[in-house]
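In the part that follows, the structures are each spelled out as structure tokens.
Two complexes are shown next, each including subunit A; its partner changes from subunit B in the first to subunit C in the second.
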Partner chain A sequence: MSRQASRFDSKKVNAEFLTLTYGALVTQMLRDFENVEDVNKQLERIGYNMGMRLIEDFLARTSAPRCLEMRETADRIQQAFRIYLNVQPTISNWSASSDEFSLVFETNPLTEFVELPQDLTNLRYSSILSGCIRGALEMVQLDVQCWFVQDQLKGDNVTELRIKFVRRLEDAIPAGED
Partner chain B sequence: MEKLEALKISSMRPRTNILDRPLSKGKTEVSQSIVALLFSEIVQYSQSQVSTVQELQNRLHALGQDVGSRIIDLYFMRERSGRRETKLTQMLLFVKTTVWKNLFGKEAEKLEHANDDECTYYIIEKDPMVNTFISVPKDKGTLNCANFTAGIVEAVLKNSGFPCKVSAHWHKGTTYMVKFEDFVIARDKQLEEK
Partner chain C sequence: MTIYHLYIFDKLGTMMYYAEWNRTKKSGVSREEEAKLTYGMLFSIKSFVSKISPHDPREGFLFYKTNRYALHYMETPSGLKFVLYTDTAALNVKELLQQLYSKIWVEYVVRDPLWSPGTPVTSELFQTKLDEFIKQSALYSIRNI
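Coming up: the complex of A and B.
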């Protein structure tokens, strides 16, 4: 019973549509919230919601088996970036205990036309990415922390996303069910 | 408000100045799943900020305008080596073909002129990409999230010198009603007479 990848709709959309739509959302949020930190939180939240739904799509598309260690998880995340955003981040900087690593992006489709003004340097523009990873992994019982170490928008050469394994989540039975 | 003005105007850091980089071809593609999920979140977020269907549509419309105002230069530079359109019909065709193709990968199905009002045009799209995965709840029957696209069209036309109002309606799929200001039509007639 092998599943055919072609069964799934792998339609493509111009990346600029995503870039501009996301940009419009961020601009709107800056208008809605006074505090930039609130915008960061809200963007992360949106990413989290997307990740929770995206993992389903990913598992169906790739028929990926369960990961046994973080190194496999890292490969899957890299693969997901290729499928969904058409970018190939490099996996690097593993911690000695293999529970923490970095995804390094040469390009980031979300920030294609973006420049941060000087007074918004504490805006984490691409927070949606870290939220997405956290949400998706939570659905496969992995609790992780995810944050930006470097960001091209802030003048760094690359964008670096750090991911740290926190703990394995236990399946909880919904209240009211045996 | 000052903060937002600053967002639009590029900052002064020389190394990363966007205008120094060559213009991308714009051929990169991403998965429709991620775009659909993002759009769904945008609708939900917008809904959390308002209480009526009309307000929600207005919000999506405003977001679309943000996108629209940014693609004008981009597409005219890329597709027409910087030459803008001055004739109304040509401009509408530009929207129907170039804008649609670049944003959604296909042209809009039809462009029609209203029989009873010379200021009104219709752009008809059978199956808008933004509505692909949206099922409208019964109590919000009139909601059409393609108002986002209507916002894009309005900003493109308005900022190209053709002031108008654009709204999205459920008719033959989705119909965008483009209602120009009277003087736009009068000016176009003058141009034709010359």
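Coming up: the complex of A and C.
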């Protein structure tokens, strides 16, 4: 009955296992869709679906209240990266209106053993992360845009993920009795 | 004395799950109708509480009590709503709901790949686990807050 015991003694997985599994997924998708843009789109979509579920786990673990401010959101996302990927991105480059910031990764666990071939420079290898953030935030009523501005795979020093607040989604009103 | 019934709604007000244990009086309307009414009432209470509160309501609406029963409410930041009807003497229902969320919901619904978000839960494993969870907690008589 392993499921019963599994809850809070969070099971550790060797990070390499995730890296390689993710690599296999990306490889398979590159084979399935010839178009790199399609792969980017699919990775983003998978990430989105993951984020929608992952947020529940995150909220249950941390019992964090809803964010009222982007700075809180940034801290939470940073915390989530620590919990799920064991990396500590730095929060930086706030825009003047505080609605946009960057997460800077010294290392990206998803790309540990990865080198991008010349003909795949359009591939956003880690777009699963941006999808995930978008999906998770949408569940807590935050509509954001999320994209990579720097990527170690493309020769940059660090990987930088940019997050921009678009709008706050409204709580749904119950369907009326017309 | 015990727990009567439970509703789980998602953020759009869809009834995700309903379970009952010791509910003796039926409402006389269909389950769906009843769920809609419940959700509508909760929604109104929520906005009422947040408007009328003399200071910033941190958690907002938590529960209400009548002479014969109490309704406990928990909402997660993702908009999931857990609504539990108990007798008036139940204590620490908030913790119970929190546990229900993290140990049962997240574990057996969110991690179930066959469940698609936004649809009612039909998993038997979830049903069994929830039933066990409620039965072994079976809040007996002490007063809430």
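Simple rule for what comes next: the second predicted complex is superposed on the first by the 164 of 178 C-alpha atoms of A that agree within 3 Å, B and C clash if a C-alpha of one lies under 4 Å from a C-alpha of the other, contacts with A are read in each partner's own complex, and residues count from 1 in each chain.
Operating definition for what follows: a contact is a pair of C-beta atoms (placed from the backbone, for glycine too) under 8 Å apart; a residue touches a chain by one contact, two chains touch by 3 or more.
Here the structure is a predicted model, which is why all the values come from computation and not from measurement.
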item: Touching partner for A:168 - first (subunit B), second (subunit C), both, neither; value: neither
item: Partner chain(s) touched by A:66 [first = subunit B, second = subunit C, both, neither]; value: second
item: Partner chain in contact with A:57 - subunit B first, subunit C second, else both or neither; value: both
item: Which superposed partner A:139 touches (first subunit B, second subunit C, both, neither); value: second
item: Partner chain in contact with A:119 - subunit B first, subunit C second, else both or neither; value: first
item: Touching both subunit B and subunit C, residues of subunit A; value: 53, 57
item: Complex contact set, residues of subunit A against subunit C; value: 3, 6-7, 52-53, 55-57, 59-61, 63-67, 139-141, 171-175
item: Subunit B residues touching subunit A - in the complex, by the definition given at the top; value: 3-4, 6-7, 9-13, 15-18, 24, 26, 28-35, 37-39, 41-42, 44-45, 49, 59, 62-64, 66-67, 70-71, 74, 102-105, 129
item: Parts of subunit A lying in touch with subunit B, wherever the complex brings them together; value: 9-18, 20-25, 27-32, 42, 46, 49-50, 53-54, 57, 83-86, 109, 112-113, 115-120, 128, 152, 155
item: Subunit A-facing residues of subunit C, complex; value: 11-13, 36, 39-40, 43, 58-59, 76-80, 98, 101-103, 105-107, 110-111, 117
